[in-house]
Amino acid sequence: MTMEASPPAISRQGYSAPLVGLGSFIACLLVIEGLIRFGLLNRFIVPPPSEIVMSFGRLFAEENIVHRFFFTAGECLLAGVMVTIGGISIGVVMQRFDLLRRACETWVAAFASAPLVLTYPLFMVIFGRNAWTIIMMGFLSALPPVILKTIEGISGTRMILVNVGRSFNLTPAQQFWKILFPAALPTIFVGIRLGLIFALINIVGTEFLINFGGLGQLINDLAERYDLSGTYAAICFVILVSVVFFIALEKAERWLRPVD
Amino acid sequence: MASGAGSSDAILVADDIVVRFETPEGSITAVDNVSFQVRPGEFLSVIGPSGCGKSTLFNVIGGLLNSHDGVVTVAGETISGPHKSIGMVFQEESTFPWRTVTDNVAFPLELVGMPKQKRVERARHFISLVGLDGFENRYPGELSGGMRQRVSLARTLASEPKILLMDEPFAALDEQTRLLLGDKVLQIQQQLKQTTLLITHNITEAVQMSDRILVMTYRPGKVKRIVDIDLPRPRTSEIVGSEAFGRYVAEIWSDLREEANRGMRDEEKCALRREERAS
Amino acid sequence: MAETSRLRQAAGSAPLISQVTLLRIVIILGVLAAWEFLAHSGWLYRDVVPSLLAIGRALIKLFSDRTYYFHLGVTAAEIGTALAIGGSAGLAIGLLLGGNRFLSKAFEPYLYYLGPTPKIIFFPVMIMWFGVGPESKVALGTLSCFFPVALNVAAGMRQIDKVLIRVGHSFRASTWQMVRKIYLPAMRHPIINGVRLGFGFALIGTLLAETKLSNKGIGFLIIQTYSVFDMPGMYAMLIVLFVLAIGANALIGRLGGLESIKRN
């Protein structure tokens, strides 16, 4: 449903294209640097890239960015565990009771596209301006994909495997744990991957918005202090963390389904 | 025996076509010194085993492949891109799924800016010609494979090309549908006196429909033989049972078998080589 | 076995309300009942779960408030503009990357990996560049919706049945004719999906930005209700927002889907 487009192919031979891409990016940075130094671009709106790079050191030394990173990571981990247990359980129950599934699956799909994160003021009222609000935002936004993919994975089990289980006279519980659930795992993991990505995005976003927490809060803080290069540097750092997280999840998913 | 037509009355002339491709394994000559002519109103089939370069030839004549040696001329003009006198019918499903049958057939007329009323009229005429009356407002998704190919045919005919160029248009259809559609195409061709060049691997189809058959060798594709088909016109699919038909088929098959065998042996060699490289 | 059970159902009279609808009604009523119970139980701090009546009253107040429609208009205009700019840019870039292998390999990875990142953190930069007015919200919305559109269009280009392109070339269609009559219609599904996602992200981006720093728009109103602890008001606004968002999403989906019922 979301960006399920497969990762772009980067051929083993032929590095010319990726190099051109990287080169253009660096060229842009150099052009911006030049424009600022020659006064064509206001350095109080766009700080020189060189200054931004140097601010990274400050982030590590003064702003405790490592500690903040682990704080955010902790929130994600907690949200991740909650959504894995909660989402899979709900998905299993919904798949098991067909009527329930037919009644509620479209609702869950609708919530997947709804702006859940906009309820953060509500959760601020309930939990206060603290980590639980942030974790709840991550949890709720990650829930729909996990539920939907769990249902999809279990229903998608090939009939032949189900029949094998029946031929061995497995009890429904055994049938579930030994056949349906393992067969559904690859699809379920896709759901968890999507969910974790949403969780991270919403967690960092909520940290920024309510000015509490780890990395998101850092950006907000630096911006309110008018530390321009620091703000830009922090944003870059968060983007970097996001990208690394995304790549790691992709690798994990590919490792889990080598047959595909 | 190659039948000579005076080049003065040929409408399509292919002169010494050579097509080479660069692959990681080296240079491959797909088509080698192929020359032939097509007379106006004639039905010429090009037949050969898989790998003889006939689809490459199709693309060259159609103007979709321009990196070749040799020259193709249509009514004296050299082809350097898709030519307005040549209409192409492709092997794969090529109807636009988002357009009705009428809009599909009217497509070439739309491109040249024909006004809507006239377009629809013209399209209806060709839809009727291919026997799809009543399906004007249906979408290709609602039609069978054979019907969709008829839509593609009608679409190409609607542009009223001097030469109809078809690349195995019935390859994806079952035998009975193919025979009946072949009948239809033959009917239309005889009615319109449409010059037609058909690329095929199906001997029965070729003999059923053609005035002449050009047999190609396996790669590099050369002209092996040109056979005159002296069966009476107008023809229908009933002719498939006649003795003369059988003789022509046997004649062409004996030519083709040699080439097909070479093709098979070559494929086996390639497959072995690939396995060795992979291990 | 399955056949006979299906036959049995068909033979019996079809119920007026299907079982599914019945269950849905039961669930909704159950949730509402539990809600009302919670509201009056006094377990939670007052008004965190207001009674349904209070929420109902807040909804009526909302709909009869002139200024609400003004703010709705502001937000809608911001989202519309963001979608228009981000969508067109995404379409253009997507067509470019989808049509050219080299460019795709050079630049598409950036879009692909930068897509799933939190865009709201760019808001301080948007404020620096565009000021505190609606422009910065539009800018953030544009940034948010650009990526899904561009990626979906690029992928859509590559999935076009190649033979359709050859048909266009064989009829000597001009480049503009190819785009309008072949590429775009052939890609209508990926484009609609991209726009759907883009709309969703533009909506979220714009609204979050409004909650952060604005004096107009629905996001601003929601934060206002938070700061004065007008909980029924907040719930009312969130309900309307969700209904509108889900409705718009379904509408866009229908626009693409209705075609495909017939055409594919």
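Each chain carries a letter (A, B and C) given by its place in the written order, and its residues are counted from 1.
Just so we're on the same page, a residue touches a chain if its C-beta (ideal position, glycine included) is under 8 Å from a C-beta of that chain, and two chains touch if they have at least 3 such contacts.
Note that this is a predicted model, so its numbers are computed, not measured.
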Arrangement of touching chains [line / ring / star / complete / other]: line
Most contacted chain pair (by C-beta pair count): A-C
Closest chain to global C-alpha mean, per-chain Cα centroids: C
Chain whose Cα centroid lies at the greatest distance from that of subunit C: B
Mean-CA-position distance for subunit B and subunit A (Å): 53
Mean-CA-position distance for subunit C and subunit A (Å): 18
Whole-Å gap separating subunit B and subunit C, where each centre is the average of the chain's CA atoms: 48
Complex contacts: residues of subunit C adjacent to subunit B: 161, 163-164, 166-167, 169-173, 177, 181-182, 185-186, 188, 259, 262-264
Subunit C-touching residues of subunit A, taken from the complex the two chains share: 2-3, 5, 7-11, 14, 16-18, 20-21, 24-25, 45-46, 99-100, 102-104, 110, 113-115, 117-122, 124-126, 197, 200-202, 204-205, 208-209, 216, 219-220, 223, 228, 231-232, 235, 238-239, 242-243, 246-247
Residues of subunit C that touch subunit A when the two form their complex: 19-20, 23-24, 27, 44, 48, 102, 104-110, 112-118, 120-125, 128-129, 147-148, 151-152, 154-155, 196-197, 200, 203-204, 207-208, 211-212, 219, 222-223, 225-226, 229, 231, 234-235, 238, 241-242, 245-246, 249-250
For the subunit B and subunit C complex, residues of the former touching the latter: 62-64, 81-82, 84, 87-88, 90, 92-94, 96-99, 107-108, 110-111, 139, 141, 159
